[in-house]
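First chain A sits with chain B, and in the next complex the same chain sits with chain C.
Coming up: the complex of A and B.
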């Protein structure tokens, strides 16, 4: 791949790989994206498979084996009921990832719809954005605690509370992107052809907001994991005996002198997972945003032209060859 | 002003610039050898991507990131490629200065222009404040800015585009550099302003003794200003010759093609009337029913105005304009930027509101209809946009983009029929069928614009609005696109409003030409009449300002203009 190639040659351009594969390769080149995604996959897969393989049960109580240290039998020791901490860590991981994933998906879908609709109709824009402003004023934990108090502390109430809190932020981001895309010429071109608003929204605006939604949703994933842990720690989230990193920390703090490994391992998992999610989001942003730090071999020659989206070698235009 | 011993301020020998990309190393410039003599204007021409800007910037030691250089550049006795950062700093501005293409972005909007002219002086240690201000005022006066004492404290937004370019030139001249690198200095400007800036550059050479490296793709500008021309193609200089020699007998095939592709004003009506067949009987050639007798577009007293703010007068972009376009006729619409020519095109397509008067398009009033009637009307109107880079959704393939109108109007019974139609359209604009699965950013500007034409023609429109379809393209690419356009128009006989700022392009295509000035129609008539025998003074000024792509003729015209007293007295610079 390192041979010197003449610049504006159609042959060279034709030989370049298609964009789809280069998207993949760009993603794989981003170290933070690969590291973050690997950790999340590792945790998720272990939580799904290891309990079956190793015959781990997060709920089996063994009063004789309370607060033991790490051993071959119990990799991360046992808690004050004699339950295997490693099994509970994995089970808690499943809870956290499930809550995070559902919140991030719900938020992404709802936020995209609200954002695109708001960008399209000025009346709707005022209504939706004022509602969003109102919701953004409510602290997430407070809303979740009150929902838990009113409807009972279940996982689904937790998901509802988090989705309500995070949707407005995403909707705003999508709206601003949609407004920018709406003023692009290709939207006008579609309008001149007689396209209905729904057609423009679905076919032109929505796909162009995907990249920003994906990045934003990843960060919401990370925040949801933290908030879920905080709420469970406070007792307003996932309840015992179901395992969650939050309620494990709560329980572990009472016995921190006798069995510090409970708090240490749980915190470690929580921190690493949130870090991985943030890395994933950062990497995703670098991949999606073509104005990153990548070398751009060609100077912009006309200010009226935007730099091409994919400013790799293929962007060099072989205009001279088609005379 | 120093180092008198050197007669050639700038020499490059076997310059090569390679840039590392992720996968490969690109050779952007190779084996460039050129000399710029004292007081010489050397034009570097070539199309975008040919390396002319890279070459010229290299003289200042400005390289793109991840660049590797070879060869040697000698600027006033300094080896640029091996110079230290401090040496380069002292050389920039003092020995060689740069004039940029887009004056509105070359000036910082938050600083006063006087301060910006003095910036270089401060950097080069011209210490006394009063001295700096004196030089700045002299420079402003020299480039023809009226009342420099007052204007010294103005901000860039208070100047017009042409004046901003004068200020950029003033800043470049402040340290009396022996070499000025002008990177497309007039591309962003209107023709009349361009003529003034070219005059100013000529005076830079005559009064300041500066050598100029002029980067341009406009052969008219080359003919007007340059002494010598270097033609660049694919990163190499393929031909270097004095300007008269190059225009008379270009040797390299690329230089020949380049010159052949330049549309020349007054050429198509002068020598060859034959290839333009009369297009008087175009009725019912396209498959769509023509409402008998009535023109394709009839505008009478058309006005378009925009709200500028609460309780402020509305801005009239188009004011009381009346014209007609018959079926099968091409009406060229010319005017400078801000003359409202694009607004008229947008009004015809229903993108801009009609505030007064009437605009009947294909028998319907597009601005006052809604819903299904409006959609039916839009089905018969195609639109080609100016900027091919933004007029396609990057998520759609070429095929999907071209098929979109078919999809919107359910004009094809099934997906297979749509694909067939798309391939037919790609054939019509001479793109290979393999392009169908590509995405817009994988195509060159010219190819993209051809896809734009294919999309506009997808439904067989009886009217096409082309809004500066070639202004973002290189000359040679433009020639190809115009060729295809002309051929399709002859074949399909659609009526067309062709908007352009380039008189030569409009003359090539249009049956009739309308000239707009500040929203008002100045002149309308047959193409030959408007170009050969313009009646309005504005049209004459517009035609007179276009530099002819022929150095001998252009020189003769300039001499004639000088004896006839200067047509732009306020812009005549008073040089010190």
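Coming up: the complex of A and C.
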């Protein structure tokens, strides 16, 4: 027993790169992360509170007020049913953010489980990865469209379809990280101490895939918002009268000659939100990437290449990687 | 080289198998009876039973899969219930506009991406580089169908330079045909351009930092020649791979963009099929596009092996 207790705690080593306070400090220093997160929060909070405060109803139809331009009463004008476009934009924001968030959470959980399992069992690895290859060979929107069309156009089916589309990609990324971590010294040490595979998987490997999963999940969030809009635009996603940016664009397209502002405003919201999510993802990647800690020449910052090795691998590199 | 080709083809088999299973099961994901879904709630039970028979839905699932797969392998994708014609004919009829649109888009993308990506890498950190970086970031946030709508507002509705929508085959009337394809082509090409610009920039930066470029420079090779002859040639390989990868988003983007501009391509066919729940068409189109995508990537892989001997001899197949 005394032999074992002298081995440094593998737990500490595994969590070494995740020093919480520095994470937060670095996160706040990343401009793209702050800007991206602010926009998402702003849109989310406005969508939740403004309709109550301003008495906006995305469903109230007013046939006499069809296709009006922006005014004080209707900030973004009205659509072909006389509904307030601004109210529908906010309601659509809620739809998009909800779908995106749920898809990214489901994908993160499913992808992590599949990725880590694949890294531990070679038979399972072959089966799971071939399935992932097959699913990834079908272009994303196409697969989502046909799945959503087959399952029937409801929001929960849309979420299932999007999760099926995005899980394989995440699983692959988690798997490659898990494989890299598995061959690291601290895992070797834990194995030598007699830890069971499940313990190693859950306590050592999984936590080390979290950072990469978080970054990927943010990009999946952005992708889901786009794909949800595309699906709803094509009629395979969120159905009228529920508001979604996609089906608003579809409706706006039909009246593009009379009221181009519907398309313009909706596009603006969609693009800014996707941009914000991408910025959030970029910022998150830079924060998680421990290179950010090291002093760097200013010039190289904006245009640096992807680091050759990942943060976790580097953090435990110093002594005796060669066993 | 033959061994390399065989290796590549064998690696494709399991992928194609999974793809075929996924596409086959699309019909069966639908809650309820597919025959009932096709005919709608008003059809009589006798009609539904008759359709079940003709679709072969009464056989066991595995039998159905293999008979479907057998059909696919012999070029028989079934018949569209709504269009009353074979799926393969429907796809062939709609293929050309999508191909034309994708060609224009990739031409636009490469025409923008290669020079700007190269220059951004060469003058790294300069104003040009920063502009290119911001532009790519912005373009990647604008989905092609949104950009299509915005271009439509500006250039078709306000400026009236191009028709709002419609399609004329460029092979019958070149001028009018190109006019109908320019806006959708640009809408589609922009996001692809952004993706390729990023790869080009990274690849060129990589090569610029290598020793043989220093060597060439010290021998007095001119700047322009250094950039375009020495650097771009070597940076071309990763760019080529990336082009293959974006073909997928290109083709699906084409599908969505087509519906905006009313171009009678594969995308429009697919969207019609979705609203009508025409499963054989959905399966056929998804299969056709996926096979195109795999084929393009296979060709690029083989080209890669042809151009770069390191790939052929090395262990690149294991990735």
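Convention: the second predicted complex is superposed on the first by the 271 of 323 C-alpha atoms of A that agree within 3 Å, B and C clash if a C-alpha of one lies under 4 Å from a C-alpha of the other, contacts with A are read in each partner's own complex, and residues count from 1 in each chain.
Rule of thumb we're sticking to: contacts are C-beta pairs under 8 Å (C-beta built on N, C-alpha and C of every residue); 3 or more make two chains touch, one makes a residue touch a chain.
Since this is a predicted model, take the numbers as computed values, not measurements.
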item: Partner chain(s) touched by A:145 [first = chain B, second = chain C, both, neither]; value: second
item: Contacts of A:186 with chain B and chain C, given as first, second, both or neither; value: first
item: Touching partner for A:199 - first (chain B), second (chain C), both, neither; value: first
item: Partner chain(s) touched by A:63 [first = chain B, second = chain C, both, neither]; value: neither
item: Chain A residues contacted in one complex by chain B, in the other by chain C; value: 299, 302-303, 305
item: Residue ranges of chain A in contact with chain C within the complex; value: 130-131, 133-135, 137-143, 145-147, 149-152, 222, 226, 229-230, 233-236, 249, 252-253, 256-257, 260, 263-264, 267, 270-272, 274-275, 278-279, 299, 302-303, 305
item: Residue ranges of chain C in contact with chain A within the complex; value: 14-19, 21-23, 26-27, 29-31, 124-125, 129-130, 133, 137-138, 140-143, 145-146, 149-150, 152-153, 157-158, 164, 202, 205-206, 248-249, 251-253, 255-256, 259-260, 270-271, 274-275, 277, 279, 282-283, 286, 289-290, 293-294
item: Residues of chain B that touch chain A when the two form their complex; value: 18-28, 47-51, 53-54, 57, 64-66, 101-102, 105, 184, 187-188, 233-235, 254, 257, 261, 349-351, 374-376, 378-379, 381, 383, 385-387, 389-396, 401, 404-405, 408-409, 439, 441-442, 444-447, 455, 459, 472-474, 476-477, 480
item: Residues of chain A defined as touching chain B within the complex; value: 1-9, 19, 29, 184-186, 188-196, 199, 203-204, 207-208, 294-299, 301-306, 308-310, 312-320, 322-323
